[in-house]
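In the two assemblies presented below, chain A is common to both, partnered first by chain B and then by chain C.
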Partner chain A sequence: MPTRNPAPLTPPLNPTILRLSRQALLGRRRGLVLVIIPTVLLALAVIVAALTDDAVGYESVLTLGYTLALPLVALLAATAVLGPEVDDGSIVYLISKPVSRHVIALSKFAVAWAATVVFGGLPLLVAGLVLDSGDTRQAVAWGVAGVVAGTAYTALFIALAAFTRHAVVIGLLFALLWEGLLGSLLGGIKWVSIGAWGRGVGHDVSGQLTGPGTGLTYALVAAVLLTVAALWFTGDRLRSFTLRGDE
Partner chain B sequence: MCSAMSELSTDPSSATPEGRSVIHDLGYRPYTGPRLGPAAIARALLVTGFRNAFGLGRSGRSKVLPFILLGLNILPSVIIGGVMVLVGLKELPIGYAQYASTTQVLLGIFVAAQAPVLFSRDLRHGTISLYLARPLPSATYAIARWGALLGATLVFLVSPVVILYAVALLGELDVSDQSRDAAVAAGMAVLLALALAGVAGLIASWSTRRGFAVVATIALLLLGNGIVTAIQAIAGEEHHARVGEVAGLFSPYSLYRGLMAMWADGDIATPPTGVPMQTAYVVVFVGLSAACLGGLVWRYRRVATA
Partner chain C sequence: MSEIRIDQASRWYGNVVAVNGISMTVRPGVTGLLGPNGAGKTTLIALMSGFLAPSAGSVTLDGTPIWRHTDAYRVIGLVPERELSFGYLTGREFVQANAELHGLADPGAATERALDVVEMGEPAARRIGTYSKGMRQRVKLASALVHDPAVLLLDEPFNGVDPRQRLHLMTLLRRMGSEGRTVLFSSHILEEVEQVARQIEVVVSGRHAASGDFGQIRRLMTDRPVQYVVVGDDDRGLASALIGEPSVVAVSLRPKGGVDVSVSDFGAFTVRLPQVARQHGIRILELTPTDESLESVFAYLVGG
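Let's turn to the complex of A and B:
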């Protein structure tokens, strides 16, 4: 009796999809904006550091980078790896390949996540060091907050991109209106705001970074839970994908 | 046979009118009604574009987004109106001009999301060549599209002002005061709409990818505004007000706030002081709009000749 070979273990990431996604992400204009956003933030940090004495603009520059530049970079990266393919329908060529849809989702997430960390999270750390080189701990805290929030943002925005054509606008409404404008008015939003979770983790690294007061455990669990759920949902949406015409 | 032919050719609706010749006369009846010129085409384009900006005349799914944004933008003014009536306030809790500054995120998202509807789709799908095959100059096409976006932005900006004004009048506040304030706010709304429509339209006409155009516009508008606000706050703390005033020239929203401090009541970090700086704010605001419109016309001329 022939012994059945065990099913070959599929790697969680597909190198071809990784390469194609990277090209889609760093293609000419989109890559340019992706680089411009952190560059502008760092330029602002350098100018402020040069013109003021002590850490005057620290809070305002880092808050700007964290609440505006980071979600924008995550949104741009997440929609870049999935959005255009869904838009022009070429996604069917990808999902007709014998590759698990969850592997596709995970590979695309990996590329977008790397871009978010490099262009969204890392600049926060560098801006913090530029503005106050004495307080490394606070800069690291902002960097950690950026990576945690950036991870959850990227996963959420990829799920949105797989779910709807209006992913960009809904993502903007979530990041700017729900977390930004309403978050500053309604305190309870801190429980369902990615930005607040990142701050919660960053607060644990350095007390200088004011936390939302949700506690480290809640912030971490919520961020991990959202990321995993969003990625599973993305794979599931790709599994049951239907093409729609342009509106 | 010959007499039948000549009888046919005197008929104005025949395929080959008298004195004209065609290579193949298939006998189809041609169009004999009045032919409207470029002006009528531009007018039709303007009206269609304006309707399309709100999803009217398009699928039901594309109506959802603009109307949700419009609803979110109007909602606070309705709530303010309701509170005023119930509590019996004797003045509006928010100025007419200040309203647009408070809801600038919504405004930015609306303009950024609807500009690609008007500018990107024709370029991406190549239907632009069908428009330009008509007796319509590319500049007229660009201006008609820009006008449609301008109109939509104005509706978005002015409708809450109208609601607040109506509530103020129904609440029997001082008519002349309220009318003056509302008129100033409407004038400033026109300036802001000119600038936003120009910036968003220019970006959308350069990027044919919808999502990318939206993020690029938002990044320019809101990140630019955020940077200017940060500089103004730091300049205010450091007592270098002039730096903040100059920084205010670099973003449509901060220009609007500067004008608000000049013409309406608004408390901002570094309001423009002195006649030259105040003139600079107005000149830059108008100049930005004109430059963007010029850029649009140039862009479509290149598309037409490419």
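Let's turn to the complex of A and C:
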């Protein structure tokens, strides 16, 4: 038998899975879409800023970016790192290894999360600065809200990708109907809406960002709980991954 | 040396039973898992590789249940039937990733060694997306061999592989077996299995139909009545002549012409049929085996 590294301490992230996930994310068409979404948002911000005075369209552009672009980016990133491999069963090659499946789930999440922050959260901050360079605080608040919500979105969508091959469709419906439509119509949804939690945290950074009224603590705890639960579930699903033949 | 023991294992999906109370022990050496498509071979391999929980019974590797036991993969190398979809990686990158995931001390050296074994050292610099079926199969094998596993499980490894590469793969498997590894591969082709495996396990419709060395299995499959339809220019004369042959156990006239012949020893029958025809001056116009499909061979095994 070839010798193995003697380190029994398993790190929470696996560098090989990180590398492969990054390649899966950027090496396909999805990588392009991931870049297009924030580009469109920023282009919109630039146009609105050029055509209007005194940051008139600020709220609309940021709300659009926050409720639509951010979950879309998270969905694309999360399903790109896990979806295709689960769909076609080729994840078997990665998990027929003596590596904790929770470490695999966490590593895949880390890559998707980084993409969501860069292509979903950061553009919110930049868009805010483009629209009103005087109010840095509000721009940062949107960025923070984006990172908090983006984290929870990414974890939830990864769990979805581990659970069903229809993750993209279900995730899209969730983002548009639950988070977008129902979230704006029914006030009570703020307690169970990722978007609302992110706003709750953003509101604490700048009062200019309208908060949902759940309070900072609730928003943070809810986002963290959902993220941890979703990642644990993903690892557990991978542990129980079932190989089915074509028969 | 490792062995996989399957004890009264069943697996069902809702109302469909994929594996039905199978018990077998897979020991060092090459074992062939033979059965028609849909017999449950993939399900059995999934059970043996920890990618499926048995609904009943147990599947153990050296005494430890394999399901949800990721450490078992230190011992097991798996070559699934699934295509490699890592087309954006080169063969070398893919095998190296497997070596790293196994936590090998020198993944680079292990990668080159495994690529050498399957003779893929040169094309390994190309992307997997450009590979032929046989090359992909060999890269899959290299990725399963990279940690020098004691147990090697392969699902339909010869499917779609050209004859030259098939020969190479067979030689490899035989060598692995003679090195004391526990090698199990599935196939639906008897000739394929008997060229490589000493021990053969036959599964049909989720049941364990037969078990033995290839001689026993071949006798089981060939020493059975075989049905032919013979059409000649004098069917009645042909029928009366054939019933006199020791290799023929039954003859009947078909309503629309032709003779149904049941043959117990088809080797002797194929030699005798032209001689009998010539002796009686009968011209044979047509000779068709009616149940030569593999499924009917398996059906016979299950029935018998």
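By definition in this document, the second predicted complex is superposed on the first by the 234 of 247 C-alpha atoms of A that agree within 3 Å, B and C clash if a C-alpha of one lies under 4 Å from a C-alpha of the other, contacts with A are read in each partner's own complex, and residues count from 1 in each chain.
Following the convention adopted for this analysis, a residue touches a chain if its C-beta (ideal position, glycine included) is under 8 Å from a C-beta of that chain, and two chains touch if they have at least 3 such contacts.
Keep in mind it's a predicted model, so treat the numbers as computed, not measured.
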Partner chain(s) touched by A:Leu20 [first = chain B, second = chain C, both, neither]: second
Partner chain(s) touched by A:Pro84 [first = chain B, second = chain C, both, neither]: both
Chain B versus chain C as contact partner of A:Thr242, first or second or both or neither: second
Chain B versus chain C as contact partner of A:Arg101, first or second or both or neither: second
Touching partner for A:Gly188 - first (chain B), second (chain C), both, neither: neither
Contacts of A:Tyr93 with chain B and chain C, given as first, second, both or neither: second
Chain C-contacting residues of chain A that also contact chain B: 84, 246-247
Interface residues, chain A side, partner chain C - complex: 1-5, 14-17, 19-20, 23-24, 27-28, 84-85, 88-90, 92-101, 239-247
In the complex with chain A, residue positions of chain C that touch it: 18, 37-43, 45-46, 49-53, 68, 70-74, 76, 78, 80-86, 88-89, 94, 97-98, 100-106, 110, 140, 143, 147-148, 155
Complex interface listing, chain A residues touching chain B: 29-30, 33, 36-37, 40, 44, 48, 51-52, 56-57, 60-61, 64, 68-69, 72, 75-76, 79-80, 83-84, 87, 166-169, 172-173, 176-177, 180-181, 246-247
Complex contact set, residues of chain B against chain A: 58-59, 61-62, 65, 72, 105-106, 109, 112-113, 121, 125, 207, 209-212, 214-216, 218-219, 222-223, 226-227, 229-231, 233-234, 237-238, 243
